[in-house]
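A short write-up of the structure that comes next.
Chain naming follows the written order as A, B and C, and within any one chain the residues start at number 1.
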């Protein structure tokens, strides 16, 4: 269970990006966070594993308070949170297998990392997951030879290799074409239920969010102003979440209701 | 999923195993052999350490008393660099046209390329020694050396720029009946001018650096002052000169970088 | 670029630059001419020698012909030594330059102090010419190939470290972020996210420097630091011009060989 309470993030002296935000995620729920650009979605996700340092508040994952950990403890704790990125963040010049195994870097010895002699159990697990998402035959290929959808699958497998307790996905489909992006969304939904893994997704595309999520969280100006089942998200709620967003951008977001 | 695989090896960079291990072996043998046959005389080295200490003791603190000599040396280096840059560019432009495949005819092209390769291949110090022997000690030998040095760099890059020009403009000029020279002036020169100015400024900076070195073999400038100081065991003056050289090089690098950024 | 004349006037005049631009250009030209005039008028040369120079040069090159190959075996041995100096020095310099590049890149350096230490090493190595390094190391190690190797190495560290440091500063930070999120240690992040990205630049820079070092190694002998320069100096001192031309031709062959090898390696590796 991930329990975020009174989370605040302020860059410099300006208005806080996150304002005393509370959010609890548990079970194998797939939660989508929507909101216009600048609403604080990405900052929220990055405050959870402290890629962005929160200003105040608490982040508790299954009994571990993240905000007070020192550097070393934080490194150990981060292994328990998997993360998937908008631009995949793969290491282009390494093979798919090395990219996937980099998810285990927090566990294996430096020597094993240097010589690429990964533990047998990790290799078995990697093949299993790659088989599951359909990229096992690419194991020896360089990551930059793959298409966008395949690269994001590598990103997902890398995160799952950590055997995480929760999966964070920051706009995982924003760099993909519509068809591929639906494949990735349904993959994430299926994995959430297969692995009993809570998943939090930042997403721009409201249509996709409604189709694949169990729960939708709407953010505006660093606050949560909507938190319910997807079918409760109707036009008035949408108008509130995206209020003030020019019509052009709304169209991009996807017509709803 | 048929069988769970539990092993994985990174595909090797060189696929053929014979070639791979052969290459490893060759490199190892070369390194071991050359290292083992290095003539290191440890007695000489320990003796040298004392000598190094004496040099450093003699060098500190650096001695700026003869700053007049230092400034004269520098001004001479600067004059050498300026004249060599102007002369080098004046020779580089025709040479670059000779050595550009698209505006030149084959035998002229080969001659131009040949001259550039020769000019590039010899380190300025070697060129300087030859010129010192031919025209005597002093800044003139230094300037000649740096002219050759400038040709090797400026003519090569300028020729490459000429080969990249948009040939449509040349055809346009030819189609209105312009002669060879006016075609060059109107269609080619405007396209290469910015590059030529940039190269000139860069080369002035390079020449200033190089002039400090060619002086060591007698071709004038601050290098000659440095070599004299070293030869007379005036290590404190030598250190002062070296420090000023480093300072001037950094300054000129910054200035030339700034000007080139302004132009580009 | 052009000044647009107002519509009421009849346009019978065109100029490429505005008045200001033209003044700037003439000013620049005038300034350059003045500088050149100053340099020419005050430089300390004996002009008789200058007018005499073409004759002297012709005379010298005449005496170089034909090249005398009788000393070729020892010339080839010296060339081999030159190649070894360049190769070993480049290898050592590459190893030493890696940590220097690491601490002098803004995004990897541990703190400001190490950044300045790194920069200081780079600047001092780069600004002192190989020949000056060689003078110093000949005094320490005595004349010979060892002084040459160390001199070339000291000069190369700055060059390699600067270019590698810039390559590190230009890497894509996203994989680094991803591995931080995995809980990888600093060293493993360097190993997986930084090293692979810098690899192509690393090889390109090392090959480039090897090529430059071949040229630099040819002059080390002039200050007693080994290689072909020793023989060249000897031949010049004894006015053995036919042998000088043989040495020069051998150097030319060496440099061309170096360029061929390095462009082949660049193509194979990158």
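Here is the rule we use: a residue touches a chain if its C-beta (ideal position, glycine included) is under 8 Å from a C-beta of that chain, and two chains touch if they have at least 3 such contacts.
Everything numeric in this text was worked out from a predicted model, so none of it was measured.
Novice: Which chain lies at the heart of the structure, taking centres as C-alpha averages?
Specialist: Looking at where each chain's C-alpha mean falls, the closest to the middle is C.
Novice: With contacts defined as at the top, give the pair, A-B or B-C, that has more of them.
Specialist: B-C
Novice: How big is the gap, in whole Å, between where the Cα atoms of chain A centre and where those of chain C centre?
Specialist: That gives a centre separation of 48 Å.
Novice: Just the number, please: Cα centre separation of chain A and chain B in whole Å.
Specialist: Going by mean C-alpha positions, chain A sits 52 Å from chain B.
Novice: If you average the Cα atoms of chain B and of chain C to get two centres, how far apart are those centres in Å?
Specialist: Centres of chain B and chain C (C-alpha means) sit 6 Å apart.
Novice: Which chain B residues touch at least two other chains?
Specialist: There are none in chain B.
Novice: Two-or-more-chain contact residues of chain A, please, as numbers and ranges.
Specialist: 98
Novice: Could you say which residues in chain C touch two or more other chains, in rising order?
Specialist: Within chain C, no residue contacts more than one other chain.
Novice: Which residues, counting only chain B, touch chain C once they are in their complex?
Specialist: Those in contact with chain C are residues 30-31, 34-35, 38-41, 44-45, 47-49, 51-52, 55, 75-76, 78-80, 82-83, 86, 117-118, 120-123, 125-126, 129-130, 133-136, 138-140, 143-144, 209, 212-213, 216-217, 220, 226, 230, 242, 245-246, 249-250.
Novice: Please name which positions on chain C make contact with chain B in the complex.
Specialist: Touch residues, chain C against chain B: 35-36, 38-40, 42-46, 49-50, 52-53, 56-57, 59-60, 84, 87-88, 91, 123-124, 127-129, 131-132, 135-136, 139-142, 144-146, 149, 215-216, 218-219, 222-223, 229, 232-233, 236, 244, 248, 251-252, 255-256.
Novice: What residues of chain A sit close enough to touch chain B in their complex?
Specialist: Those in contact with chain B are residues 95, 97-98, 116, 118, 120-121, 123-124, 126-128, 131, 139-140.
Novice: Applying the document's contact rule, which stretches of chain A touch chain C when the two form their complex?
Specialist: Residues of chain A touching chain C: 49, 51, 74-79, 81, 83, 85, 87, 89-94, 98, 102-106, 110, 113-114, 155, 158-159, 162.
Novice: For chain B, which residues are in contact with chain A within the complex?
Specialist: 1, 4-11
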